[in-house]
Amino acid sequence: MTMDAKALPDLFNRYRDRFAAEKQALIELDGKVGDSDLGLTMAKGFTAAAAALEEKAPETLADGMKTAGAAIAKAAPSTMGTLMATGFLRGAKALDGVDVMDTAALADFWAAFRDGIAQRGKAQLGDKTVLDVLHPMAETIAAQAQAGASPAEASRAAAQAAKEALEATKDMEAQHGKAAAFGEKSKGIQDAGGTVACILIEETSAAFGA
Amino acid sequence: MTMDAKALPDLFNRYRDRFAAEKQALIELDGKVGDSDLGLTMAKGFTAAAAALEEKAPETLADGMKTAGAAIAKAAPSTMGTLMATGFLRGAKALDGVDVMDTAALADFWAAFRDGIAQRGKAQLGDKTVLDVLHPMAETIAAQAQAGASPAEASRAAAQAAKEALEATKDMEAQHGKAAAFGEKSKGIQDAGGTVACILIEETSAAFGA
Amino acid sequence: MKKFLNKPEDFVEEMLEGIYAAHPEVTHVADDLHCFVTANPVPGKVGIVTGGGSGHLPLFLGYVGDGMLDGAGVGGVFQSPSSDQILEVTKHVDQGAGVLYLYGNYSGDIMNFDLAGELAEVDDIETATVVGNDDVASSKPGEEHKRRGVAGIVFLYKVAGAAAAEMKPLAEVVRLTEKAKARTRTMGVALTPCIVPEVGKPSFTLGEDEMEIGMGIHGEPGITRKTLEPADAVVDEMLERIFAEQDYAAGDEVAIIVNGLGATPMEELYIFYRRISQLFAERNVSVAQVWIGEFATSMEMAGASISVLHLDDELKPLIARGATTPFFKHIAK
Amino acid sequence: MKKFLNKPEDFVEEMLEGIYAAHPEVTHVADDLHCFVTANPVPGKVGIVTGGGSGHLPLFLGYVGDGMLDGAGVGGVFQSPSSDQILEVTKHVDQGAGVLYLYGNYSGDIMNFDLAGELAEVDDIETATVVGNDDVASSKPGEEHKRRGVAGIVFLYKVAGAAAAEMKPLAEVVRLTEKAKARTRTMGVALTPCIVPEVGKPSFTLGEDEMEIGMGIHGEPGITRKTLEPADAVVDEMLERIFAEQDYAAGDEVAIIVNGLGATPMEELYIFYRRISQLFAERNVSVAQVWIGEFATSMEMAGASISVLHLDDELKPLIARGATTPFFKHIAK
């Protein structure tokens, strides 16, 4: 399938349902080396995003992503909420003038999403953050676009890369947010924010029917 | 002997020397149910009074008593310091126009001294204060004046009355100042302020050569 | 004792040195730091002198300035200034229109101000006295003359200062100040004690979850000591006692001071005021002026007080008038 | 925990209700008490928005008013406001001349202000950002960008507010604020911790006779923890670190803030200032303006900070200009 502005509400309904389903798991994961808020804030943020897109159908892809980002910023002012909002707002800019999401647009979107979060959070790769999943994810889509893959193929490959990258965060030591205070103890546990990124690409891939 | 303005410096030198001598005793007495400052403040206050009178010989009795009162107020701003200052300042007014201290003038002086302190401190008789000594003292001089006694006779009688009155304060319970907080415990101890009054009349009597 | 100081015996003098260094609009006379006066006396104006023990900043000296007071006798911590110091201040602030002594109802202060007044009379300075006694907790109705003076005196300063600034004569300044006094009430609550520097330890203790309703600003006993309750319940109890004192009728206006005793954060004072404003709104009494902050403290004591001045047409403009001191700034409305 | 409050989770909202009830010159937008704005925006003026966690009154919202700031995003205790709240405030205070974001250097605040700025851009509102980083203790020279923002930000508010009030354009307001920032330094010392209401217990402890030089206003670790010393020695150590930061030459002028962290009595701040004034006098540096009191607190934390703004001909009149907010009143000289 292809994705245009009309398809965005469905995509965010997927995100919403998945975060609702993962709520408890994310609470527990963030609770290990943090403050247990991540499950709540992601459920809240994506419920708000989906509701905003239902309320007013977006005219363009860029519009829809902007609406979603703004809704998340409002509903979830936590670290990840602010970072996710930033991602969608920056991604929206990359979609300016794009009517249908082809693989190149998808690559641009996730690259902008990653860059926005990198800039906002000022984390380095290896700091055990959402960036450690977003980066290989975005790189994979870019490579797939280069290779002429379909959006479905590209996002499936990216989901696989994200899964591996998430696994790799277990070896890292947290440098940011509440988890940083746990230092060494954060080792062995996958990054909670990275888990969120993994979920996003899985659902994106599913939306493309991959 | 008689007492005029020229004799006042001698009188206050007596007061000064006596309070210097009693300093430690007064400290200890005030320390039993108070804050131990009385010996220091009386020594300071009367040293200042004597110095003020030495510095500028008083023209009249009233002048001299005023100078003494003002000096005590300045040097000793404690409760008894303020009360003593008040006594001398009020006594000074009663001596307006008096050149030589006869028994009637002496009676007026001490009555005014007592009334000033009563008014300033608002204590009642029996409250275990300086007033419980000053009152019988002043009444005795007044009676002596009525009976035609000399200042020497009158002040000797007053000193005797003061001594008895001071003894009587032992049975009272303190209602004012720091001692009030000790309540019942103040019983059995003579009032520190009353002791000061007793010293004053003893030295006055001695000054008259009695 | 955790205090920033050098020697405890220098606490007051060094505090005063700091104040004079910071605020050139105030100064001292008679070569005595304790004789605190405005640097800008107004010729022909009634002078207003306050005073009392140290340890209560911005009381007492903090209200010396334009539209407020002209001088203050500064005592040691919790101790009266001497009559002589008050006299020196009196002499300096007298501008030929007489001097009002305006201070709190404590026996040491009364003795020394009375004596100073007598000494001033000798110098042909007319003085009058108004003694603040706003603390409802310190004596029952009918015995108001026994009540201690606490934060409500700031209303008296404001009224007297404004009346004097309008160049009213001494008798009129006294009349207006007496009226403000009759219409001012305060209730306080303490959570922790404070420490007099030269003593070095608290003069009383309160349990970890206890409060004392009505405690004085030197730790004088209050009305009840009990378990700390929610802020709204504490305010309700305090205002109930104030409401019982006079008839605050619908349509009436009040001025309010919510005063921190020292360590209590401003956030909590506003939580108090939230409830206070509700209770006055319920009675249809409008709050024409509210000051929230520290106005009369006990060093690091935790606690708060609520003062209410029941306004009338004469008092309202005097409260509204502008005033500027190093510690108190009120912009006229 | 001895605090006047109702439910800990209502602490901030109820505090805000109290503030709005007391001060009609401020209000909120977007039906959200946390979106704090002046009730009297000035058409055509650069808007200035600050924000940050609660628990620091009068920071941050207390500087919203005439001649200072136009709005503040109010977070939970020690928590950033949301980008959305900042955005709502931004929209309201924008008067067509753009908006300056001026707040302290904390990562949560930075993320949310940056995001808000991006959202504002979508609405065609120009924003610029200056982040206060005056705390000398929080990072060594050369790494100033890592330093936390503390009480010195009040100087930045004053300069930015005055520049905006003079209707200077955004770029000029930014330039002057950046200059003030480059010339502002703060050193703090803490004696006791404070308690976040929803946590209910102190986040750290200090020994009965210990102080911590350089501790942050949320209890962030300082430079040294040691036995409490005489006030003069504490001031000497603090100012030595400030003097090492830039060249305060004879004839130069400074503005100073002596700030109480919450529980420290005003008397002690003046004992501090006494010594501060001596040290500047020794260097022939004159103090053109000094503010002493509570400007940036940590609720009931005991401690103090000293902030110094190294003035120049451009900054001095901006500091001197009048300003009036519910919490800060400065009469122009």
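Each chain gets a letter, A, B, C and D, in the order it is written, and its residues are counted from 1.
By our rule, contacts are C-beta pairs under 8 Å (C-beta built on N, C-alpha and C of every residue); 3 or more make two chains touch, one makes a residue touch a chain.
Keep in mind it's a predicted model, so treat the numbers as computed, not measured.
Trainee: What chains touch chain B and also chain C?
Mentor: In this structure, no chain contacts chain C and also chain B.
Trainee: Select the chain at the greatest separation from chain C, using centres from the mean of Cα atoms.
Mentor: A
Trainee: Looking only at C-beta pair counts, which chain-chain interface has the most contacts?
Mentor: C-D
Trainee: Once you find the CA centre of chain A and the CA centre of chain B, what distance in Å lies between them?
Mentor: Distance between chain centres, rounded to whole Å: 91 Å.
Trainee: In whole angstrom, how far does the Cα centroid of chain A sit from the Cα centroid of chain D?
Mentor: 35
Trainee: CA centre of chain C versus CA centre of chain D: separation in Å?
Mentor: 29
Trainee: Which whole number of Å gives the spacing of the CA centres of chain A and chain C?
Mentor: Roughly 60 Å, centre to centre.
Trainee: Listing for chain C: what residues touch at least two other chains?
Mentor: none
Trainee: What kind of graph do the touching chains make: line, ring, star, complete, other?
Mentor: Line.
Trainee: Strictly by the criterion at the top, what is the full list of touching chain pairs?
Mentor: Applying the touch rule to all chain pairs gives A-D, B-C, C-D.
Trainee: List the residues on chain B that touch chain C in their complex, please.
Mentor: Touch list, chain B to chain C: 66, 70, 73-74, 77, 79, 81-83, 85-86, 89, 120-122, 176.
Trainee: Within the complex, which stretch of chain D touches chain A?
Mentor: Those in contact with chain A are residues 80-85, 87, 107-108, 111-112, 114-115, 118-119, 122.
Trainee: Can you tell me which positions in chain D touch chain C when the two form their complex?
Mentor: Touching chain C: residues 2-7, 11, 14-19, 21-22, 54-55, 57-58, 191-192, 208-209, 211, 228, 230-232, 234, 262-274, 277, 290, 292, 294, 297, 299-300, 302, 304, 324, 329, 331 of chain D.
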